[in-house]
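Letters A, B, C and D mark the chains in the order given here, with residues in each chain numbered from 1 onward.
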Amino acid sequence: MSPTGAEFCGLQLASPVINASGTFDALAALRTFGDPVLEAFPFAAFVSKTVTLAPRQGNPPPRLWESPAGLINSIGLPNRGRDGYLEHDLPALARLPVPLIVNVMGFSRDEVAELVEAFGARDEVAALELNVSCPNVESGLVMGADPAETAALVARVRPLTAKPLVVKLTPNASDPAAVAVAAQEAGADAVSLINTLRGMALHPHDDRPWLGGGTGGLSGPAVRAIALAQVAQVAARVRIPIVGMGGVSSGHHAVDLLRAGATLVAVGTESFRDPAAGRRIAQELEEIRNRLHNSPPKSGQSRPDGSEVPANRRESPLPASGSYTSG
Amino acid sequence: MSPTGAEFCGLQLASPVINASGTFDALAALRTFGDPVLEAFPFAAFVSKTVTLAPRQGNPPPRLWESPAGLINSIGLPNRGRDGYLEHDLPALARLPVPLIVNVMGFSRDEVAELVEAFGARDEVAALELNVSCPNVESGLVMGADPAETAALVARVRPLTAKPLVVKLTPNASDPAAVAVAAQEAGADAVSLINTLRGMALHPHDDRPWLGGGTGGLSGPAVRAIALAQVAQVAARVRIPIVGMGGVSSGHHAVDLLRAGATLVAVGTESFRDPAAGRRIAQELEEIRNRLHNSPPKSGQSRPDGSEVPANRRESPLPASGSYTSG
Amino acid sequence: MSVPSIAAAADPRRTVAPFGRRAAVVTRAEAIGPYRLLACADPAGPAPRPGQFYMLAAARRWGGGEEQRPFLPRAFSYLRRRGDELEFLLEDVGPGTARLAELATGDDLWLTGPLGVGFAAPAPGRTPLLVGGGIGIVPLVAWEDELGAAASTLLGFRDADHAVAARLAREPALATDDGSAGRPGLVTDLLEERLGADDGATVYACGPPAMLEAVRALAARRDAPAQLAMESGMACGFGACFGCVVPTRRGFVRLCLDGPVLDAAQLDSALVAGAGH
Amino acid sequence: MSVPSIAAAADPRRTVAPFGRRAAVVTRAEAIGPYRLLACADPAGPAPRPGQFYMLAAARRWGGGEEQRPFLPRAFSYLRRRGDELEFLLEDVGPGTARLAELATGDDLWLTGPLGVGFAAPAPGRTPLLVGGGIGIVPLVAWEDELGAAASTLLGFRDADHAVAARLAREPALATDDGSAGRPGLVTDLLEERLGADDGATVYACGPPAMLEAVRALAARRDAPAQLAMESGMACGFGACFGCVVPTRRGFVRLCLDGPVLDAAQLDSALVAGAGH
């Protein structure tokens, strides 16, 4: 594997940087930018937008609200459904130069099972990401917020495919690390986090929510600190690899997530600002790792006029579970 | 009550705007700015920094990290403890021109009980805010993230005082509204939310966390959309009044929280940018409410060059529990 | 949800964009009435098709305005392209347009584009009739440049001050709400007269939602083919976010990918929730 | 955690600030070597005490820099105050100082202050010895203005370019790391010599943490009273957040409230985690 490459669940990737589901459409990019998208694909693997069993139109507009240093989206998972994806998207994605990870979501364990079975059987599909940030209509619980629900789901689908199963956690949970442990114990090959944080905006002129879907999900730089904390806490409690995401817009942010325990980093909202952000961030990440490789962090001797790193070094280890008190 | 005033748990307040615990120190402000602080106190009630049973020094520095459109703090609840507060702060706060709400936190129900008993008995104290964003060292669970823990705590302290009990919720929970319902059913007079979201930052030059306390709490504009969504969801499931907070930096943000169902609004991080922010925001809020009072929102007829509000009106009601799907 | 085929033959309404965002230096920034003309050097960019748009952001200080905005890039049709110089016309309506309006010669822009699908030529024998409302003039100027004398243009503005922008078009018929320039009244009044007199027109319209809806309804009544250059809330501009959808008779379509110019006959209404001001 | 009594008699080291932030117009903005001098009109502000500081932010576009920063105001000692004009000297080290360094005459600032507790006069019979490292010169200039000829000043800079700022002080003894101006070496070398020769001095020092620590240790060895104008991460600047604490022999103290000038004898070390660059 090249020095800049990354190994993940048996997949050899050219870099640790992949896209976050729902924030890059390879087929639409091909129409907009042409073949260079494939010749210089900006991600080391391509994660599909969530596919559900039945086709969905998605939420009525508006679906976007710009939040301070972030974005709230209430897209509503528009997609062609399992059969539409199999028939239309998979053939068109055959030219993809990187492994394809299909993200699926079901409103019951049976629905997820059908999706895993269908996509697990296809050679084009390298791995599956289970989006558990949605309500289980039968139990009413958000699957990904409850360790038992998540364990039951993973146990249900694990036998259906030998392909890597990545469980994508929701940050809207009391203890995401407990959900990660449950997923691991039930046979998940990896976990990915964070999905968006539940958020809302009101119409500037009256009382109704702006977003057609009512509430939506917050992403972008505003959530980066939350993602870093959750990745660190999950890393302290599971041994399976982690895909870290949430507000990554530079190689420096990617390094932070890797340091916190992630094996791969996903870029989402930043691609809206810079369509080739994935490639830029992978390059920046490589430059930082080369610099670190050649000159380990200075011990911090300080010059009289403070032009260097302060001499005082605190060696407090990364806390397993953040002794977090508010204020 | 003056038209701009607000009634809350029996307290008549001059405006709906109070401070968020731990973000304004009346005694320090008095030393820095002198008597004008009392003559034009920027809040309709003063909420103390969290008081714990034993004195606490707080976390080692650094305690602050500037995040995109926000702040991560890991202060660590420094305070003089129950006896220190009774002996030192209460007498000094006698000159306070507004009701005093003491925020308390304990690491077990017994500790909280001792605090509630001590402060509930003091005439200077108008109400108590229970900060349940901290771990119950006996159960290991974060009290405020678990409905049963919260119910047990409120049930334990309710009989100890007739004064209003406000339960301050943590946003780091799967279902904050369920915790609010549990607090209500156990006898809480009101709930306040949101506290800070767990976040972390790494040192720019090496792998350790920047904050002495490891992880910290994120606040400021970055969390405003999260606060609005959680206040709306709690408002849909409880009948007791709500204090809404999280990233409020203008009257417009205060109006949004009131529209989402809050009775009072608290201002925290913005006071660091503008020490008299509370007063400014209360004035801006009053101007907006006067404007609304005089001219109800236009029905949205649009002029040819679109200089007015778009004609299309969506009347989707505010969803009780946001049919939130990520993406 | 049916989708146009992917590997369609090169669409004459679309120039494929270089992949990614690129830096472009502002060469000219001047006022045109209350609007702001912004020209930049785009040597790396191909020639766009009229009706296509770009996603723009200031390379420095894109943020720190009202509510810490802007954060996402903003969508702008191109006004004109002369050699390597690309021109935009902005209406300052919020923190994004306000920040762009501050830019001066020598400042850097981030530019992605040309994006989307522009105008389709009128069917043989039909005369192009361009109808603009306020800032909606922008893509029509580009289209006029290409159509030449065959096109006639109707423009509506709020007042004489805004109508200063009319000079960007060749010989437009003009209407203003307050009558301070050209005919008093709405541009859709001019359109109604013109369509009455000439039933061989293909209408090309751009402007605020309410005006586009009036044009759509009028064209439908007069059975005149019409293409509407529309607006909706956009985050990416290249089909990645699914945020910009508008409802059509074939279901939701991504305006940035299958538009922004849409066939009016495919629409029940040109009013898009969250678009316009 | 012992706390100084609240209603202390008026403290000569502190001027109480007007409550709240106030707008101030930039009257002058010029370079002094690599530093930036920023003067603003502060008619509403009282006369500050040397060593006190202000919290500053640009009134417009405070944000949108690197990592969407700055967000919180930044702390600056005042350099001088002449009539209503308040002067600051900035070293561009990050997005906050960079944004302030962009300000020109006529731009608006948000200003809160004067804050904290400044220098205390030397005990009778002791001579004031001012020791500055780099940008640490700032509060010493204000103190020199008040002490007049009684004070002697030692300044250390990285190089001759930074040492240009030495002209703000009256007749400083100068040292530069690279020897390109004044004595080659550290300002603490000059201090060591001076303290050797004159044991009646009270030291007033300001500069990066490592330098202050060297001064603290030297003064302790020579049993010379010393006051250190320190730095720590600040969010509010007026005692509200508890973010700026530094460890002292009496426990953590809020530097913005009980400092920024602290008695060196109260410190085990002048190195504050998270301070400096």
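The definition used in the following text is that a residue touches a chain if its C-beta (ideal position, glycine included) is under 8 Å from a C-beta of that chain, and two chains touch if they have at least 3 such contacts.
All figures in this text were calculated on a predicted structure; none of them were measured in a lab.
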- Message: Just to be sure I understand the contacts, which chains border both chain D and chain B?
- Response: A, C
- Return the distance between the CA-based centres of chain A and chain C, expressed in whole Å. 35
- Rounded to the nearest Å, the gap separating the Cα centres of chain B and chain C is 45
- Message: Report the inter-centroid distance (CA atoms only) between chain C and chain D in whole Å.
- Response: 54
- Message: By the touch rule stated above, which residues of chain D touch at least two different other chains?
- Response: 63, 67-68, 71, 272-274
- Message: Residues of chain B that contact two or more other chains, please.
- Response: 22, 49, 60, 67-70, 73, 75, 212, 220-221, 309, 314
- Item | Chain-level touch network, classified as line, ring, star, complete or other | complete
- In the complex of these two chains, what residues of chain D are touching chain C? 61-65, 68, 71
- What part of chain C is in contact with chain A in the complex they form? 1, 3, 6, 14, 16-21, 57, 63, 67-73, 110, 112, 115, 232-247, 251-252, 254, 257, 272-274
- Touching chain B in the complex, chain A uses residues 21-22, 49-50, 60, 65, 67-70, 72-77, 105, 131, 133-134, 142, 145-146, 170, 172-175, 195-202, 205-209, 212-218, 220-226, 228-230, 232-233, 247, 256, 259-260, 297-298, 300, 309, 314-319, 322-327
- Query: What part of chain B is in contact with chain C in the complex they form?
  - Reply: 69, 221, 302-307, 309-312, 314
- Listed in rising order, chain C residues that touch chain B in their complex are 67-68, 133-135, 156-158, 162, 177, 186-188, 207-211, 213-214, 269, 271-277
